[in-house]
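What follows is a structure written as structure tokens; I'll ask about it next.
Going by the order they are written in, the chains are A, B, C and D; count residues from 1 in each one.
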Amino acid sequence: MENIFDFKDKIDIAWCPGCGNHAIRQALLAALEELHLGREKVVLVSGIGQAAKMPHYIRTSFFNGLHGRGLPAATAIKACNPELTVIAVGGDGDMYGEGGNHFLHASRRNPDITLFVHDNMVYGLTKGQAAPTSRPGMETPVQVFGVFEKPLNPMALAISLDVPFVARVFCGDVGQTKEVMKKAMAHKGFALVDIFQPCLSFNKVNTFKWFKDNTAYLPDDHDPSDRAGAFKKSLEEEPFPLGILYESDRRSTFEENLEVYKKDRSPLYQREVDMKMVEAEIMAKR
Amino acid sequence: MIKTITDDLAIVLAGEAGQGLQSIESILAQLLKVSGYNFFSASEFMSRVRGGANSTEIRVSAKRAAGFLDRIDILIPLHKESIAHLKKRITPETIVIGEEDKIGYPGMIDIQFTRMATELGGAVYANTVAAGFICGLLKIAEQECANFILEYFSRKSEEIRSRNLAAIKKGYAAGKGLSGIHISMGKNAAVKTDLLLSGSDAISLGALAGGCDYVCGYPMSPSTGVLEKMASYAKKFAIVVEQVEDEIGVVNMALGAWYAGARALVTTSGGGFALMCEGISLCGMIESPLVLHLAQRPGPATGLPTRTEQGDLDMVLHAGHGDFPRIILAPGTLAEGFALTQMAFNLSAKYQVPVFILTDQFFVDSRTNTPAFNAGDFKVEKHIVKTEKDYKRFSLTDNGISPRGIPGYGSGNVCVDSDEHDEDGRITEDLDLRVRMVDKRLKKFAAIGPAIIPPRLVGDGNFRTLVVCWGSTFNTVCEAVAALGEKDIAVLHFSWLFPFPDQAGAYLRKAANRIIVENNSSAQLARLIRQATGVAIERQVLKYNGLPFAVEEVQREIRKFI
Amino acid sequence: MENIFDFKDKIDIAWCPGCGNHAIRQALLAALEELHLGREKVVLVSGIGQAAKMPHYIRTSFFNGLHGRGLPAATAIKACNPELTVIAVGGDGDMYGEGGNHFLHASRRNPDITLFVHDNMVYGLTKGQAAPTSRPGMETPVQVFGVFEKPLNPMALAISLDVPFVARVFCGDVGQTKEVMKKAMAHKGFALVDIFQPCLSFNKVNTFKWFKDNTAYLPDDHDPSDRAGAFKKSLEEEPFPLGILYESDRRSTFEENLEVYKKDRSPLYQREVDMKMVEAEIMAKR
Amino acid sequence: MIKTITDDLAIVLAGEAGQGLQSIESILAQLLKVSGYNFFSASEFMSRVRGGANSTEIRVSAKRAAGFLDRIDILIPLHKESIAHLKKRITPETIVIGEEDKIGYPGMIDIQFTRMATELGGAVYANTVAAGFICGLLKIAEQECANFILEYFSRKSEEIRSRNLAAIKKGYAAGKGLSGIHISMGKNAAVKTDLLLSGSDAISLGALAGGCDYVCGYPMSPSTGVLEKMASYAKKFAIVVEQVEDEIGVVNMALGAWYAGARALVTTSGGGFALMCEGISLCGMIESPLVLHLAQRPGPATGLPTRTEQGDLDMVLHAGHGDFPRIILAPGTLAEGFALTQMAFNLSAKYQVPVFILTDQFFVDSRTNTPAFNAGDFKVEKHIVKTEKDYKRFSLTDNGISPRGIPGYGSGNVCVDSDEHDEDGRITEDLDLRVRMVDKRLKKFAAIGPAIIPPRLVGDGNFRTLVVCWGSTFNTVCEAVAALGEKDIAVLHFSWLFPFPDQAGAYLRKAANRIIVENNSSAQLARLIRQATGVAIERQVLKYNGLPFAVEEVQREIRKFI
């Protein structure tokens, strides 16, 4: 059977051959299919970057907006129509650099959307400058003395913000990537999956092999409901833990909190304003 | 000497932040209107929560008048600094009324608002005493005042209600008893059925009537009023009102909302808007509707946060990189504020372009009575289609407008992209298609053409002198020009600024003498006019000290040019 | 003796009488004096808000920039002249809302500047809307249904970012506020002091009494060098812990990492470009 | 049939991203120049790292020529798609050279670059073979080629060096031996002492000579080249180069740097600039210097990230809320790129206004030889003062410019505020002072006046037809107009756009026939001209498909209007 989210004809994918993004795409296609979602009910939202081109290679509706600005759009889309499955996708620069503030505050709102960050520790599309997750010492044409800023730790950050689903995977393991994607999408609330992804062309340090050598699956006894414990775990580096670090069901979602859905669950576009009520409101100003 | 006032009274209340000028204004607004007086108020205040020196002008008139006056007939200073603060406007004609020991203004009429209030149970009632005093002066029916006060404080405790009642009466008696001022002003029963609105009210009601169901913003004077008004309607009208983390988030959220089928309004001020420019460009590229209210204040940068200016036209005209169409409106009256905001939603949905509504602090914070408008005259036009499987969001059409689908409504996919894209919304590097897409977007200028509202000519059709203005200065400029009493002069007011109304050219060329009046330092509309028509307007009346134009001032300045 | 950082004549301070900002100002004046800093060597940097007006009430150089944008300016000022003492000050909206992204990335850079955030859990200057730190349930003219977003926890956030000095004080205790300020300024690296401050006019929930009742000094045995422990502590609410939650000396500062100071310690403004070298560089393009 | 080329050869290399067009171009650039040929190259490429279809034009000429040509004399396609990609430019005159089995273009000359390379040890050497082939065709001294290649790969292993050497020789032999093309082009020894620069190089060297010591940016095509160039100079010239988290951080960091006494450069593109508008307004308010390089690309929004357009003039003219002065420059040549950037630092420091340098992808990514310029002719002017105890940052002076102090230099305090402020930089609500401060800022327009560079007239002083252009189109337009061979035609090129050079008016009014050439869809300069002078230019040659103008195209379009 064909995957309804895939194209029937061969499409021109602008990623480099061998790029980790292809594997992520495969995992996402499989995850979407296995969740039995309707093609017309899924919206991919992205910014700009190599990762952010993903929507063009999946057959769903999409909003491919500005670099760094995927999350506010995604939040609004879900808020205006909670029936949609909304997935935000972007690069490490996109989501943690330019879009860092939206990440902070989306975490506070907790919309029921899923966020996939392709973490290749580099700016791919702009040809190889450091990303917020680049490791110290990495030299680039801009970071000529090597990166010295402390890399952002998206896991620790997300746990500090109580993002209710915090996971990391390596796209070299397409199976786990897909499984965690499915869990993230099934999770009610804001779910972050940081996906280690080698960039063949511009990251010569964090290669496929490096990721393989420097990651380790979480032990079976890891308790994702223990926030402080998850935080401690999230500080581990080389190997970086893979899997669901933190998961919590304590928070209500943004949409659940919206008064407009308390009595009427229909999406906004289906509603009509009652001009009589507007009239009354005007007349109340007499 | 008895001062007699017959048809137009300018009362100015002055005091520091926290002294409650606003509450006196609120009480008077209602009471004057129900009594059949025309009411206008405008406030100027500092950017602080307590202290400083602020003032509110209250204009009571027999005929409709919503221009701002320099003249102060009666000044009620609530603190000593009020006198220095308003010194340029106080003349020998000004009657100063208040607590002589505190204010110390020579020749003032001593009325001990605070002492009276204290006698009634507390200094907090001084505002109500002052309101009562003015009602007494104006000989409003005492019972009306009493009823209103009980209603006004109806959600407060019995004690507070009765003390305020006593306060209004006490003030009333003092006002009525005052000799030295004789006010006999014509009333007009029709006023009673008028609406009493601030500019923020008008914009907000227009948004309701436009079918607005999503509002996002980030607090910023003077635009916050609309954000808060819309929040107050949130429950009744099922509106999502979201305060976003920053203005960049605001505009991107609003675009997401329109994409998903909502009718979103953004409200901001110049500095917030400056942060949205990239988002505006995105709006142009994905051909999204967007309604954005920008309440102007003096810049650059933080400038004078609580004051007024018309300094952001240039920015709004050109915000965002690249070329794409937009619509810019600037209401001159409350009725226009309502109607243009309502229309903005339909225009934006129809042409799929951003529509900007430019107001300013003077506009949003002023309040006056205006004939009731009928929401029934307005219709919400959604301009959305149910998609088919092969739906293309950017299908190339004759007029550049592609039917707009919504994700989840129909069986198609709705794809939008900030990169140059094909009809399907997918990224392209086909450079011929690029040209067609640019042409498609720019074609909308022609499509919008018939919707353009030409500038409004007020005054002598056989003018020799044409006074040009835009947005919030309408009432003041019209009143000033009328007061000149010259025959061959008219006002040309723009409430639709862009796409520039071609009709303006003929008016402008016909005038032998052209004068522009703008509340900014560089005559931004004059530049736009020259760009669009070639006509240069060298006679410029500009004001940029953060205050609105006053009628007398405009009159004086125009006089110099005729 | 007069405090050189204070004005000789009475000045008009735009804060409401009784506002917590006055106490913060007193603490800051005392801290500056007790550190024996030169008036011409101190630069206050702020954004916009009530808190951000602080520079106007202290006699130093200052850069009072845009709402939310204090940190990038402060970082650059210190980077261009490491001899200056640079203090950034702002409100909770300023620094954690509008300026959130700069906070994230200033933490990564670790400039040797001190950040004081006046945390009144509200937007003061714009008259009472919710701030990122507002507590759930607080009703305001914009948050008419009450705040439901999860409040930002600046302590947990800063610790997740490994900000090397993370402290919280309550301005009701001017003594502790001053002492912690001094330690923060003395700390080499980015130092955050989140200062609980009642806003009399617009925050009727988190009053002076509320802060007093809902804070508790850190126990003497608190170990600020234990990051995971500090994180756990930072999650405590009502009472919120007061004092230095986390302190670390493991990170080098932004300025230390700047190549331009490796051989020559003089501030940039004192340097001259060598036109002969430029000439040579041009000629190398032959 | 033998094709003979005597004075102007257009070679186009085409292939997909990753095939190394750039390295062929690099090798040829150096070799052609040292051989005494004039060199010009321009690249067009897709926004992807691998695949797609890109091309690089290499123009070799006896006389200086840096216009972009449509014509392709020799096409070297490295992949099959090249042919479709360039189909509009391929004519029967075009000689196609390459691997016939792979490309399959009828009538092409079969040269097996890859096979030759494989024989030498690997397909990776095919680029060097191709470069050698062109050198052979042009009969560059073989020894020169050999020496250069050893030098070029001097940091690589011995094996790589020797294989490249073999590759260049092999290619050379094939090129030299080719019958069917005869190239005999005049050489010019003077070219050897020219500089060989890209636009990015020129801007970066100008910044060095301007005393730039702080660079901040956020990567964005096509502006990243300057960021990376400056980073490459960071060590030698002690420059702080910081990649900031976002563009808002960029501009605020740059303002902080200038405040502390650095000379900061920002480099960005349209979308990044759009995010800086609030910061630009802050710059206006605190009267900070700021030098900002904006490399334009087609918008709106993400648009066509790697392509060229002149679509951001409008935005830059009006970026930021409120009124304040600014300077906008747009170099037309490399020499101007260098000199204007150098000057920008001094102008900005002197007048304390933001100075914008507008380039575009075509400008920054093109490379040509140009007579050497002398850094010794330029001086760094700091325009800073040591402060006294009572220093006032915004002292009111006759020309609006206050001596600029730096914190830590002198005994005074340096206070700047985004709110309206007094002379000391402290927040004020004194509205009369507000007016003086606005006037102070706007006075700088007059101060800047004498520094304005008038537009450059090229061609017949007794023109009837005037072709107007700006920025990067200079070479192409001049060449096109010269090629028309008409007598009464001239080019008016603006490299200083704002404050608008008044001198332009006379030229414009003198012309009977005015034509504007702009690489955008709406003739933005034409609008500015009309706004500033009243002169409308209705004859417009516009291009907005993401590619630069070609000489032939401009010639053809202008011809229609004369």
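Note that in this section a residue touches a chain if its C-beta (ideal position, glycine included) is under 8 Å from a C-beta of that chain, and two chains touch if they have at least 3 such contacts.
Keep in mind it's a predicted model, so treat the numbers as computed, not measured.
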Practice task
Could you tell me which pair, A-D or C-D, is linked by more C-beta pairs in contact?
Solution key: C-D
Exercise for the section: Determine, among A-D, B-C or C-D, the equivalent of interface A-B; equivalence here requires over half of the contact pairs to be the same by residue number. Expected result: C-D
Exercise for the section: Quick one: report the Å distance separating subunit C from subunit D, using the average Cα coordinate of each chain. Expected result: 41
Handout entry: Distance from the mean Cα position of subunit C to that of subunit B, given in whole angstrom
Key = 37
Exercise for the section: Please report how many Å separate the Cα centroid of subunit B from that of subunit D, as a whole number. Expected result: 45
Handout entry: Multi-partner residues of subunit D (at least 2 other chains)
Key = 46-47, 52, 234-235, 245-246, 248, 271, 278, 282, 286, 301-302, 417-419
Practice task
Please set out, as single numbers or ranges, the residues of subunit C touching at least two other chains.
Solution key: 14, 48, 66, 97-98, 100-101, 104-105, 132, 145, 259
Fill in the blank from the handout: Per the touch rule, the subunit D residues reaching subunit C in their complex are 192-197, 201, 205, 208-209, 211, 213-214, 216, 233-240, 242, 244-246, 248-250, 252-257, 259-262, 264, 278-279, 282, 286, 372-376, 378, 380, 382, 384, 387, 406-419, 425-427
Completion exercise
Residue positions on subunit A within touch of subunit B in the complex are 14, 39-41, 43, 45, 48, 53, 55-56, 59-66, 69, 72-81, 83-84, 101-102, 104-105, 258-260, 264, 267-273, 275, 277-279, 281-283, 285-286
Completion exercise
Counting only contacts in the complex, subunit A reaches subunit D at residues 12, 14-17, 48, 50, 66-68, 97-98, 100, 123-127, 129-130, 132, 141-145, 201-202
Handout entry: Touch list for subunit D against partner subunit A, complex
Key = 18, 46-52, 218-221, 224, 227-228, 231-232, 234-235, 241, 243, 245-246, 271, 301-302
Problem - subunit B residues touching subunit D - in the complex, by the definition given at the top - result: 46-47, 52, 248, 270-271, 273-275, 277-278, 280-282, 284-286, 296, 298-305, 307, 309, 311-312, 314-315, 317-324, 417-420, 429, 431-432, 434-435, 438-439, 442, 520-522, 524, 527-528, 530-531, 534-536, 544-547
